[in-house]
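Consider the two complexes below, in which chain A is the common component and chain B and chain C are the respective partners.
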Partner chain A sequence: MALDTLFDATIPGSELVKYESSIDSPLLIDREGDKPWTKQIGINSTIEPANYLISSDRELMIEKQLGKIELSEFPVDHPWLPQRALKILSKLEEGPIAEKELLLLMDLVADRATDHFQLEEGRFVALTFLGRVVEVSDTRVGLLKKIQGRKFSEQIFVWRVGFNSFSGRT
Partner chain B sequence: MGITLSTATYKLTTQEARYGICLDKVIFPLDFRDLRYALAKNGYELSPVKDLPPPPALIGFGGEIARIKETRVLADSEAGEIAVTSRLLGEACQSFEDLANIIASELGLDLHSKVKYYQVTVHYRVTTGKTPFEEISKAENKEFMTKFSEIMKEDLSSFSIRLCPKGAVPNSENWFDIAIEPEVIDERFYHVGVVFRSSKRDKTEAFVKNLESNLLKLIGLIEA
Partner chain C sequence: MSPPINIIEKNYSNGKPFTDVRIAVINRENLRQITIQKKVRIDTGFDAGVHVRESEMLELSTIGIRPTPGSATLAGDVTAKAYFCFAYLQQIGDFELPPPGMEVTLMFQGSGREGLLGLEILNNWIVTFNGPEQFFKIVHPEA
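Moving on, here comes the complex of A and B:
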C-alpha cells in the first residue's frame, strides 16, 4: 500500500528540507543530494537517522541497501582472547582480584600470545594483560634491563615462553 | 609446519590459507546484525562497528567480521562470499565447518545448500636446500626458450611454473591455478600459490586433503 508522507528533515548547516512522496518503500537518499547513496561507510562512521535525508533538488533516488560497511582488519598487535580471560580482565579493571585468577589470566594471555606471535620457546617476554608484547629478550636479566625504569600505560608481566611461572607484574 | 619426503627433507610453511564459499543467491542471505550476534555468542571477537542502523534496513558489508584464535571470518555481501583465513589449510577447513555449524544452528541456514562454488586460496613457502630459480629452469621447454632468447637477444629462462586444468576457462566455477616460483624477496625459497575453485564440495575436500603432499611431489619432480 502506498504511503503519502510529508518528511521534515534538518541537515546540519543547511535549510529545512520538506519533501512529499507517494511510495511503497522507505526513501533513503544521499544527504549530499546529487547521487544515490553509494558512499562506503567506514568503520568509524556513524550511521544516524539524520543521514537518511531527502535531497533538496527533489530527485527521486531510492536505494534499498545502505551503502556498504567496510570492515577493517583486526589489529595484529594483540591476540584474540577467550571469554574467560576477558571476564577476568573486566574484573581487574574494577579492582584487585584473587591471585589464582590473576595466574589464570596470565596463563591464558601467555598461551594466546605464544600462538599469535609464534613466540620461540625459552625466550623471556614482557606482556600486557591484553597480550601485547612490550619487550623480548633471550635472558631474564636482559629483559629486566630493557624494561627497568620505563613507565607503561598498561600493567605488564614477565614470563618465559613455554614455562608456567610468571613474575614481575608492574 | 614441516613435511618430510622420503628422498629429501623439504620444509613447507603455510603463509596464509583461506577456505570459503560463494553463495548462489541474489541477495546475501545473512543479516549482518544476526551474524555478528551469532558469532559473539560463540566466543568470536567482533570487529568494531559503530551505530548500526536498526532492522529491517539491509546492510551491505565486506571485510573481516570476526576472529577466534588465529582464524578470521571474512565476508563480502555483494559478492556473496563468506570465508575464513587461518595459519594452516587444515585449520581453515575445520574453522569453516565450525562457522557453517554455528550459522546452521543459530541462524537456520545451511551454507552448503546453495553454493555457487567453493574456493581455496593458499600461499606456501618451501625450502629444499636448493636454489629455486635454477631448479625451475630445468622444467622449461628448451626449444621455445631458445627461440624466445633469440627474439629478446638475451639468454632467458622460466621464472615460474604455472599449472591449471587443461582447457579450463579461468573465469569459471571450476578452475585451479598452481604457481611455483622463487620467493621474490629471498631466492632460497619457493613461493607456491594455489587458487582452487569448484562447485563440488567433495572435489574441494579431496583437493585440499592431498594438496600439500602433491605440491611437494611436484617440487620433487622439478628438482629430480
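Moving on, here comes the complex of A and C:
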C-alpha cells in the first residue's frame, strides 16, 4: 500500500507550492499541474520532504541538500565512472598520458555523464574529467564563450552529446 | 531591404579555394587580445569555424587564454585530440567584418600548415564554387 505524504515548500519571494510523495512511487508530483517531476528520489535516500527547496522556476535545488541525499557510492554531482576511466585518471594524475588514452577517457566520461545527467543529444557541454558538468550550451560558440577565461579547479574538456567528438568533419 | 554584399570573389590557388583570414582572440578578464592571420582553405566538410595547427595556440598563453581540450573527427573518421577557444573572425580576404567580428570556434589541431574555414562561418553566407572557371564567391544575402 502506498504511503502518501503531502507537504509545502516555500522559499522567500516565491509562491507556496504543494507536493506529494509516495513510498511506492517515489516521484515528486506537482499538485497543480499533476506532472511528475523528472528526477526521482531514491527509496533509500534520507532526505526529508520539508527540506526540499524549490526555486521560482520549480527546479529542485539539490546542491544545498547534498549531505542528506548523497550516497557514498553514487555522488549526486558527478557520475560513477567505470574502472577503465578511473585507471586512466590515476595515470593522468601522475603525468601526461597518450593521446589515445585521453580520447578514451573523454569518451567514457562523456558517455557516463550523458546517462547520469540525461543530457540532451546535440547539446555542447563542458565537463570535468570526473564527469561533473561545468557548462551546457545549444551551440559550440556559445559554450566556448561561456567558459573562455574562467578558472576551474579541475581540468575540463568539451564534448557534443551523442557525437563522437566536439567538432570535425560533418 | 538592403542589397546583397559581395564578401569575396577569388580564383582558386593550386586548384583549391583558399583565402586569408584574420581572427582575434580576446581575454575578457584583462581585455588583452591576440590576432592570428592565416591562409585557409574553404572546407564545407568541417563543421567548426577556423582550424589552425596546434602549435599556434602557444601564443595564446601570452594573453592568459588556455584553449580547452576536446576531440575532433578528421578525414577517414579518425578521432584526434584538439583544442578549442572562442574567437572573432575580423577579416576574410579584403572584407572587414563589422566590429567586434563574427563569433567563431577556433580549433587547434595537428601540424598541417594549411588552415580550414568551416561551415560555422560559411552557413552565414551564400557560397558559390565555380569548378570549371576555378573561382569561388561568397555573398552576404540581402537583409
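Details
The rule is simple: the second predicted complex is superposed on the first by the 91 of 170 C-alpha atoms of A that agree within 3 Å, B and C clash if a C-alpha of one lies under 4 Å from a C-alpha of the other, contacts with A are read in each partner's own complex, and residues count from 1 in each chain.
Keep this in mind: a contact is a pair of C-beta atoms (placed from the backbone, for glycine too) under 8 Å apart; a residue touches a chain by one contact, two chains touch by 3 or more.
Because the structure is a prediction, the values reported are computed rather than measured.
In the superposed model, A:91 lies in contact with neither chain B nor chain C.
In the superposition on chain A, A:116 makes contact with chain B only, not with chain C. In the superposed model, A:164 makes contact with chain C only, not with chain B. By the document's definition of touching, of the two partners only chain B reaches A:82; chain C does not.
The residues of chain B lying in touch with chain A in their complex are 32, 43, 45, 47-53, 57-65, 67-70, 72, 77-78.
Chain A contributes residues 99, 102-103, 106-107, 126, 140-141, 144-145, 147-149, 155-159, 164-170 to its touches with chain C in the complex. On the side of chain A, the complex with chain B involves touching residues 26, 28, 43-48, 64-74, 79-83, 112, 115-116. Only residues 27-29, 44-49, 64-65, 68-75, 77, 79-82, 84-86, 103-105, 107, 119-120 of chain C touch chain A when the two sit together in their complex.
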